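Think of it as A, B, C, D, E and F in the order they're written, each chain with its own count starting at 1.
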Amino acid sequence: MFDPYFDSVAAFIAMGDHGFFVWSAYGLSALLIAANMLLAVRRQGRVRAEIARQARRDAVKVSPKSVETNQ
Amino acid sequence: MDAPRLTVRQLGCERDHRMLFQHLDFSARNGEIWQVTGANGAGKTTLLRILVGLHGFYDGRVEWAAPLSPALLYLGHQPGVREELTARENLEYSRALSGQTGDLDAALAAVDLYGFEDVPAGRLSAGQQRRIALARLWLDGKAVWILDEPFTAIDQQGVAALDQRLREAAAQGVLVIYTSHHRVGDGVHRLHLGQNTEVTA
Amino acid sequence: MDAPRLTVRQLGCERDHRMLFQHLDFSARNGEIWQVTGANGAGKTTLLRILVGLHGFYDGRVEWAAPLSPALLYLGHQPGVREELTARENLEYSRALSGQTGDLDAALAAVDLYGFEDVPAGRLSAGQQRRIALARLWLDGKAVWILDEPFTAIDQQGVAALDQRLREAAAQGVLVIYTSHHRVGDGVHRLHLGQNTEVTA
Amino acid sequence: MSAPTLTTVWTASLHRELTLIWRSPADIVQPLFFFVVVVTLFPLALSPKPALLALVAPGAVWVAALLAVMLSLDGLFRRDQESGALDLLLTAPGVSVVPVTAKLLAHWLLTGLPLALIAPLLGYMLQLPVAVLDTLMVSVLLGTPTLTVVGAIGAALTVGLNRGGILLAVLVLPLYVPVLVFGAGVVRTALDGLPTGGLLAVLGAILALAVSLGPVAVALGLRISAGD
Amino acid sequence: MSAPTLTTVWTASLHRELTLIWRSPADIVQPLFFFVVVVTLFPLALSPKPALLALVAPGAVWVAALLAVMLSLDGLFRRDQESGALDLLLTAPGVSVVPVTAKLLAHWLLTGLPLALIAPLLGYMLQLPVAVLDTLMVSVLLGTPTLTVVGAIGAALTVGLNRGGILLAVLVLPLYVPVLVFGAGVVRTALDGLPTGGLLAVLGAILALAVSLGPVAVALGLRISAGD
Amino acid sequence: MAIMWKTLKRWYHQLGSPRYFYRFCEAVLPWLVPVALAVLAVGLVWGLLYAPVERYQGNSYRIIYIHVPASSGALMGYIAMGVAGLVALVWRMKMAEVMLKALAPFGAALAAVSLLTGALWGKPTWGTYWQWDARMTSMLILLFLYLGIMALQNAIRDPRQAARAAALLAVVGVINVVIVKYSVEWLNTLHQGATLKVVGESSIDPSMKWPLLISMAGLWLLYAANVLIRARTEVLNRERRSGWVRRLVRDGEA
């Protein structure tokens, strides 16, 4: 059971003349999923930067321990 | 002195990432008049909406000694008057909805709308429209009045009458809380929202 | 004394069956400052909109000595600032649209928005948003300023600076007409709208 | 303290809502007009071949009805919210479901019901055999209340933010799918001469579900939009 | 006194409008989304039988496009009006047609054009033969600008009074009929394998008319709504 | 049993605290992501390279190893949103709101993946990329529901209000999804011949099933990771004023 089904890389790529469908299916899926992961991470970075900026801006106005109560 | 009807502890509220007020502490008793002051955008309306339970996103605690909703007479930033309805119809609806009692025409007369009962509110001036809402103060059956900017768009003598009415009610044990730009009336408790929030009795 | 730049004859305006003002007569010259006062709903905004040609339903005559639109700097009741755009983008657009000249950053700095040029206007407070619009007063190339409530939502020192700026402009021959609730500034021509409309020079 | 009885609130609310809609007839006429216009768009867009039209008719009428109800709901709470009447309703003693239900009922009576009433006419214009028209009407009659209630949830959630009807559409139309499928399905089944009782029952069941749970959801949605 | 050159105003306006739409992507995505949803309603309302669907497809896509453009226009001037930017535009020196045109162009580029681009996909989903898809796309491409301009007139006239999209629909949809007839007609003709050149030419002519006169009408409508 | 209940309650309360939740994410994510990717890789490689060919469809069936995980992931994700929504509405639990918001984007992506892969599968098996088969249709509707929730969320300014609105919509949506599924299935039974039976649906040979299950596990783990990342961001965004967030952004540890 644990030997490759395909006997050659070419055959693997060809997928018995269904290569286009299989590989574009996996390609598109990979694209969507990867993009989604990246966006999630990027947003994390953006929010942190924004918070840092805001903290610098109104560091004077609001004392750091403002809403400790909500925990 | 009896127990406070309203107790506010460490109240704080943030809106679009701006802290409107925080660590707000005060307690109000029946028969007291509280005036909330502050600049535009200070959070007066938001505070009142928190007190009446319309705005739920805040930190800290708001405690009412007796259940609020049956006792509450709330007048929002907007008068809550529909232009398509006549003064009378508007008042009638809010009376039924809030379960107040009392004579509609007397109330309307009390706010100088005698003769305008059957005019669609849309045809009245901004001030008169607010008077329709204010007429509810001349109906009976509510023990907590929370009024947002009751004095705006009301002319001089109207202001006097209204002030008078608030004091009467307080004398009868009603707890009155209202917001206002200009510091009308004295001998009332003040709650100022701003950089340094302060409570003065 | 030179010929009036603006001449208003027997001006009257009615809105939803209410006469806002009528038989209005006055004429304004370059270098003058006119303040329009009156209660809410008195018709201040409407008057200005008539003067700039936005509101066309009125009786009487409004005559401008020189063609208005190339000379006009109009600031409406709303600041005309889009929240999606940054302060700079907003000002840049209105400069291009009205064909003004001058340095954007200098103008923004003049209204205390230095450092906020690239913040989306939506993130600024109401006052700051109005400042973006006011920054146009620090750009060049307009001879008739018509400003609706320029002082609202502006803090104390802002008011002073703005007042100062208006006087400078007038000194350079600009005709300034603005509305305001509170009678700021003296030595200016006043036009009061109300039960008895009055013009005081 | 004084709390009103349910019946007082119910009658007062219903009376008020009916008066309101009655006083601004545009709110009654426009959805109806929209309904008619959209339906008439189809013969113009497709070829006016009667055979084809009859096949398309159920779908056309139902899609038009969907959109008409959806758009009519866009303004359901707006004026109450802007005028502050909504806050009055939400702070009133007792459950806010009662006045909300009254509002929905009134709205359906004066906008949904008319749609059902003229649906047969439009069906006829689209060459539907007369025998099917009553089924069409009944299906619309059973469907529109669901559309109103479900759409009202969307309207309640979007009342504060004034972003035209398109956001509402995007939220609500997917929720309308079952009603559409069964509603149009009934008519098609009737066209094929098959019995429609079961499908009408399904529509009724959906209606029951919507009417029983819907108003609560609407009231909750209003609270949320108010900021709670 | 200082009046700006046309090109200055044009470039500045176009840049601003594009930025505005770009900053609130919802305005781009939602009409598109609405378009897709409405199209998918048809297979659910009619039967999913490919043969029938193909016949209905042109009409379905076109009706959906009509409604999508119409609803997307509902908010075209609203935020400008509420923010007062509209008064700025109307009191500016020079003709207000220039910035208005820029606005329309920007709006079409970011909402109308996308519709045209995914129309073939939807056509395919509605089982249109692949050979017809390009005609479908071209027809929508030629049609949507007209829809945008004509709808904008309605939007300009209704900008002040905030009564949901339905009033706009009632005003505008009847004006959309010619575009609909020819637009869907082209596709049907292509389906029948007949030459479509003539009909496309007609669509083009209507487009030319709309684009040449439309902006003036829009600007005028805005002045009227402002109270002049 | 009682123990389990206790631990559950403790978790509920601890995870209910944004700060604790943030720490939890910080602890879990570093290994969750790689593990998810590894499992997914194993499943896919196995499925693509080692699993035997399917009798009727040839190798095109290998799409199943992404198609089914994505499809079921999308379904589960939406149901999870419904549950989170219910919790958020009934118990006003902040973290449920956060979760709800975090669940949407990846779920939508999975629905899209399911549609794409399904379409690409349909071409070789049915000869067309698309037809209104029950499952495809209901998945399309599901995608719409996802997008609707996301649209609502970014239309509302206040993050908490947005979350609660989305919560209500999600709950309504879940009820709706069920009805949609039935209605669409009925629709397709109405006109026979509209759909082809999906081949190999009923019983799959174990040598094909194992890789399927593994890749499904992998994709779901990845979904979980994505949700945790987004939730962590949302927590930061909401708690930006609280002391620990400020300390965090200032000198980098919670």
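Methods note: a contact is a pair of C-beta atoms (placed from the backbone, for glycine too) under 8 Å apart; a residue touches a chain by one contact, two chains touch by 3 or more.
Everything numeric in this text was worked out from a predicted model, so none of it was measured.
K.L.:
Moving only to chains each one touches, count the minimum steps from subunit B until you reach subunit E.
P.N.:
When the steps are counted carefully, the minimum from subunit B to subunit E is 2.
K.L.:
Along the shortest chain of touching chains, how many steps lie between subunit A and subunit F?
P.N.:
So the least number of steps between the two chains is 1.
K.L.:
Which chain's centre, taken as the mean of its Cα atoms, is farthest from the centre of subunit B?
P.N.:
That would be chain A.
K.L.:
Shared numbers divided by all numbers used: is that above or below half for subunit D and subunit E, i.e. same or different?
P.N.:
Same-residue interface.
K.L.:
Tell me which has more C-beta contacts between its two chains, E-F or C-E.
P.N.:
The greater number of contacts lies at C-E.
K.L.:
Based only on mean CA positions, could you tell me how far subunit A sits from subunit D in angstrom?
P.N.:
Here subunit A and subunit D have centroids separated by 41 Å.
K.L.:
Once you find the CA centre of subunit C and the CA centre of subunit F, what distance in Å lies between them?
P.N.:
55
K.L.:
As a quick test, compute the distance in whole Å between the mean CA positions of subunit D and subunit F.
P.N.:
Centres of subunit D and subunit F (C-alpha means) sit 32 Å apart.
K.L.:
Between subunit B and subunit D, what distance separates the C-alpha centroids? Give it in angstrom.
P.N.:
Roughly 36 Å, centre to centre.
K.L.:
Going by the contact rule already set, what residues in subunit C reach two or more other chains?
P.N.:
Counting only residues that touch two or more other chains, subunit C contributes none.
K.L.:
Send over the residues of subunit A in touch with two or more other chains.
P.N.:
In subunit A, 54, 62, 66-67, 70 touch at least two other chains.
K.L.:
Could you say which residues in subunit D touch two or more other chains, in rising order?
P.N.:
Counting only residues that touch two or more other chains, subunit D contributes 163, 167, 170, 173-174, 177, 181, 188, 227.
K.L.:
Quick check: in the complex, which residue numbers of subunit A touch subunit F?
P.N.:
Those in contact with subunit F are residues 1-6, 12, 15-18, 21-22, 24-26, 28-29, 32-33, 35-37, 39-41, 43-44, 47-48, 51-52, 54-55, 62, 64-68, 70-71.
K.L.:
Which of the residues in subunit B come into contact with subunit C in the complex?
P.N.:
16, 40-41, 123, 125-127, 153, 155
K.L.:
Write out the stretch or stretches of subunit F touching subunit A in their complex.
P.N.:
Within the complex, subunit F contacts subunit A at residues 17-19, 44, 48-53, 58-60, 62-63, 66-67, 70, 105-106, 109-110, 112-113, 116-117, 120-121, 123-124, 207, 222, 225-226, 229-230, 232-233, 236-237, 239-243, 245-247, 249-250.
K.L.:
Which bits of subunit D are touching subunit F when the two form their complex?
P.N.:
150, 153-154, 157-158, 160-161, 163, 167, 170-171, 173-175, 177-178, 181-182, 185, 188-189, 206, 209, 213, 217, 220-221, 224-225, 227
K.L.:
Under the touch definition given earlier, write down the residues of subunit D that touch subunit E in their complex.
P.N.:
Touch residues, subunit D against subunit E: 26, 30-31, 33-34, 37-38, 41-42, 44-47, 52, 55-56, 58-60, 62-63, 66-67, 71-72, 74-75, 78, 162-167, 169-170, 173-174, 177, 180-181, 184, 188.
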